[in-house]
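Accompanying notes for the structure given below.
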Amino acid sequence: MAVLMLMAALLASCSRQANDSHELTFWTVGREGEAVAKLIPDFEREHPGVHVKLQQLPLTAAHQKLLTAVAGGSTPDLTQLGNTWIPELAALDALEPLQVRVERSHTVQQADYFPSIWATNLIDGTLYGVPWYVDTRLLFYRKDLLRQAGFDTPPRDWTQWRHMLAALSPAQRRGYGILLPTNEFEQLLALALQQDEPLLRDNNRYGNFRSAGFKRALTFYVETFKLHQAPMISNVEAGNPWTEFGRGVYAFYLSGPWNIGEFRQRLPAAQQDDWSTAPLPGPEGPGASNAGGSSLVIFRRSPHKEAAWQLVEFLSRPAVQQRFYDLLGDMPPRRSSWEGGALHDDPKARAFRDQLERVKPTPPIPEWERIVTEMQLVAAQAVAGQLTVDQAAVEIDRRADGILEKRRWMLDRQGRSR
Amino acid sequence: MNSPRAAWLFLAPALLVLGLFFLLPVIAALVLSLTDYDLYALADIRNLRFVALSNYWELLHRRLFWSALGNTFYFVAVGVPLSLTASLGAALLLNSPLARMKPFFRTALFAPVVTTVVAVAVIWRYLFNTKYGLINYALDSVGIHPVDWLGDPHWAMPTIILFAVWKNFGYNMIIFLAGLQAIPGDLYEAARIDGASVPRQFWHITLPMLKPTLTMVGMLTVAGYFQLFAEPYVMTEGGPLQSTVSVLYLMYEEGFKWWNLGSASAVAFLLFVIMFAVTATLLRFSRRGGEA
Amino acid sequence: MNPRLAKAMVNGLLLGVAVVALLPLLWMLSVSFMTPGEASSLPPPLLPKHATWANYHELFARAGMGRYLLNSLLVSVAITALALACNLMAGYAFAKLRFAGRERLFQVLIGALVIPAQVAMLPLFLLLKYLGLVNSYAGVIVPAMATIFGIFLVRQYARTVPDELLEAARIDGAGELRIFVQIVLPLLKPIMVTLAIFTFLAAWNDFMWPLIVLTGQEHYTLPIALASLSREHVQDSELMMAGSVVTVLPVLLLFLALQRYYLQGLLLGSVKG
């Protein structure tokens, strides 16, 4: 028995000792890991004695892994964190406040960042992250296909857009105007953020999906499928959207900046002039999109916060961000990074620069991720014809209100105790 | 001689492990299911509320729970009979005196059982790919339209069932084979002299003699199939349109993705109760059938 | 029916089933040697045009497969060794040692078999959190150190050990531990091999619990790593197939080498006590 316990203890200690004093564990989500691996050697050269251990989490498992790590007390030193997830980890008190470090820093200059993006890192006035790259959704489109259909410029508003979608979704061709994977919430969310009404109401205590604005966005979204302008498939089934876009299966693709890199890499050189990007059309004229992206956060439990902050500063340098863009196409959150390098002269990036001045953050509460997931599940049902738009709006509100019950209870309790 | 003391010493390690890491957590799960343990409670235990049965109540009013339950029942109700039929069929073939190279076939048919679910699920995902998968290509070559196996909500679960049958039939096949070999040969001999056909022999000798084995194997298979998780996790991530979300998948998402440990525990307990009820009912039916 | 026709039918059917059972595995092997992108073409190729080790090289050099392979080995071997020790001792005690409440305790254990392991997972996670074992090998190993099924299997087999043998040793003054090690264990050798294969395979193939408790890549076992890779590299079928080969091959070989014991154990475990 004693032997067993000893072995267990030994195994446990084996797993712990990996944390030697100069090792910095840095989690990345999705493809960023491969690119950042190329930036790290420079950092390690500047900071001899610090070794960065990179770990890549797959995007679809990242949320679960992060929360489990926090719950299990096995967090890394720092991580890349989607800015909609910051409220959750902040509620768990897992993140190190960064305001003091930012004020002392010569590298991280708040005024240089896009304000809406910076704001997503503030939870109840406390700064928990430094924006690393921005992710807003806009349109990728096939210039040649649009031109063939008689359109010289990309759409500016929904009416024009619908018109083009119709022209580009001919029944005889096995093609569609646009790809909107039914299991991704970002596309519908972007349309919903263009509306005047907020998505949650009463200090984020209740859902506000019954508002006229959200219904308008949902109607536009659902109709795109109903009119066979988008296929009813998830991104699992869409598989390789880049090739499909290249083959002209889709004329529009509503997606994020990293895809500039993907398309450049995956489409043949002859096709590179056939596609471009455009700001997202709004209900009337150019519309808003989501203030998404990832931030760099440091965990409270990290024993190497100073070294972690040095890495954050390193990755926030305009020159490094420009290189990061070159490697992956992830767009920098600060204006000065846009002023030089490939980014400055890149016509395909210009639409993003334009869009970034017109982005809106999502409600900064831990429940948001869950609400928006439910929103998409219900929306997918509406797309499949199981619910009408009105029914779907009511259902999303019902689910959102249920999810927010605990938040209301906690707010009420705080209110009473004050 | 101090046999009792020695016995307890021999038992201690196993009982300690089972008690601490299985029985205690099971009891704790019951308690947890009566609370609203969530992200906020994880941060500060003062945010924990005792909610009595309201987790259960809410689950019973959640469409996703019912559809997860429905998906799981679908998987069990179609998968288990299919799986048992395949196992029995393969066992009969292997047991036939006409069969050649029995050891090779036995090993070949059993091979999928020992493979790793995740790895072979990955294989199947590519085999059943709508565009480049071998399955659709084969169907196309005989003039059948390509099926969107894992992307169509109507086909995703059947595809997963096919996968599960392929993966598991070998296990029960071995048990059936042993059961078949235990049937005395003179029973068949007598039947043949009476002029009974092969199907009649199967119906009147093989099946009744195999019944105890069949009942036991059926029970275990039902219990196993209720625990569907890895297949949808790897092959479909619960989609499309949540058509492959099983009860355990729901528990996993609820518990470890959203950290609602309270309602996740309630899901786990409901699954347990349902499994228990189903297997007990099946057992009773098979007993009653035996008496008749 | 014509006996020759019947024979052809039986063997033909067997061959058909064998093809269905093995084809996916053979296809996996074949695709794993294709050049990237080759499998995603029409018509789907069955054999690689130019066989290459590139996918395996990529897996071990860049995706860290070597580490995951070692993790899987370490975890599975540790679980096998520890579970063997615990289950053998307990199974033997239930079969051959007399103590108050033996039958009742055994009944309780058998009764607990109906509780699906997943019910315990959520609190188990919290428990391991307090023990500091989340994201460690021990987090996977410790809860698997004893299984009711294993105890049951050993008890069934150990009941065949003749009591006279044990009594004779006791009269000679041998201690219980010595009796266990020197007399009982050699007799239990067949069931030890069986139990070892069962435990090893189950540990190697286990998915849900390691997925939950291992948060850091450095501790991933092969199935977890593979599931994670497959979400990142959906389009790289050749690479994923190579990963599947690495995951499946060790257990398949182990099974082929020791299948006699495995199949025996399978039957022993399924016969009601």
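The first chain written gets the first letter, and so on, giving A, B and C; residue counts start at 1 in each chain.
Rule of thumb we're sticking to: contacts are C-beta pairs under 8 Å (C-beta built on N, C-alpha and C of every residue); 3 or more make two chains touch, one makes a residue touch a chain.
Keep in mind that what you see is a predicted model, and the values were worked out from it rather than measured.
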Item to check | Identity of the chain that, by mean CA position, is farthest from subunit B | outcome: A
Checklist outcome for this item: By number of contacting C-beta pairs, the most connected chains are B-C
Checklist entry - Just curious, how far off is subunit C from subunit B if you go by their C-alpha centres, in Å? => result 17
Checklist outcome for this item: Chain centres from averaged Cα atoms put subunit A and subunit B apart, in whole Å, by 37
Checklist entry - What whole-Å value do you get for the distance between subunit A and subunit C if each is reduced to the mean of its CA atoms? => result 39
Next on the checklist: Give me the residue numbers in subunit B that touch at least two other chains, ranges are fine.
Outcome noted: 9, 13, 131, 256
Item to check | Residues of subunit A touching at least two other chains | outcome: 4, 60, 68, 71, 236, 239
Item to check | Interface hub residues of subunit C, defined as touching at least two other chains | outcome: 40, 85-86, 125-126, 142, 145, 212, 227
Item to check | Interface residues, subunit C side, partner subunit B - complex | outcome: 1, 3, 6-7, 10-11, 13-14, 17-18, 20-22, 24-25, 27-28, 31, 39-44, 85-87, 89-90, 92-94, 97-100, 102, 109, 112, 114-127, 142-143, 145-146, 148, 151, 170, 176-177, 180, 201, 204-205, 207-208, 211-212, 222-224, 226-227, 230, 237, 240-241, 243-244, 247-248, 251-252, 254-256, 259, 262-263, 266-267, 270, 272
Item to check | In the complex, subunit B residues that touch subunit C | outcome: 1-4, 6-11, 13-15, 17-18, 20-26, 28-29, 32, 90, 93-94, 96, 98-100, 104-105, 107-112, 114-120, 122-127, 131-134, 137, 166, 170-171, 174-175, 178, 198, 216-217, 220, 223, 226-227, 229-230, 233-234, 248, 251-252, 255-256, 261, 264-265, 268-269, 271-272, 275-276, 279
Next on the checklist: Per the contact definition, I'd like the list of subunit A residues that touch subunit C in the complex.
Outcome noted: 4, 7-8, 11-12, 14-16, 18, 25, 30-31, 53, 55-61, 65, 68-69, 71-74, 76, 236, 239-240
Checklist entry - Where on subunit A is subunit B touching in the complex? => result 1, 4, 60, 63-64, 67-68, 70-71, 88, 91-93, 182-183, 233-234, 236-237, 239, 366, 370, 377, 380-381, 384, 402, 406, 409-410
Checklist entry - In the complex of these two chains, what residues of subunit B are touching subunit A? => result 9, 12-13, 16, 36, 38-40, 42-44, 47, 49, 58, 129-131, 148, 150-151, 153, 236-237, 239-242, 256-259
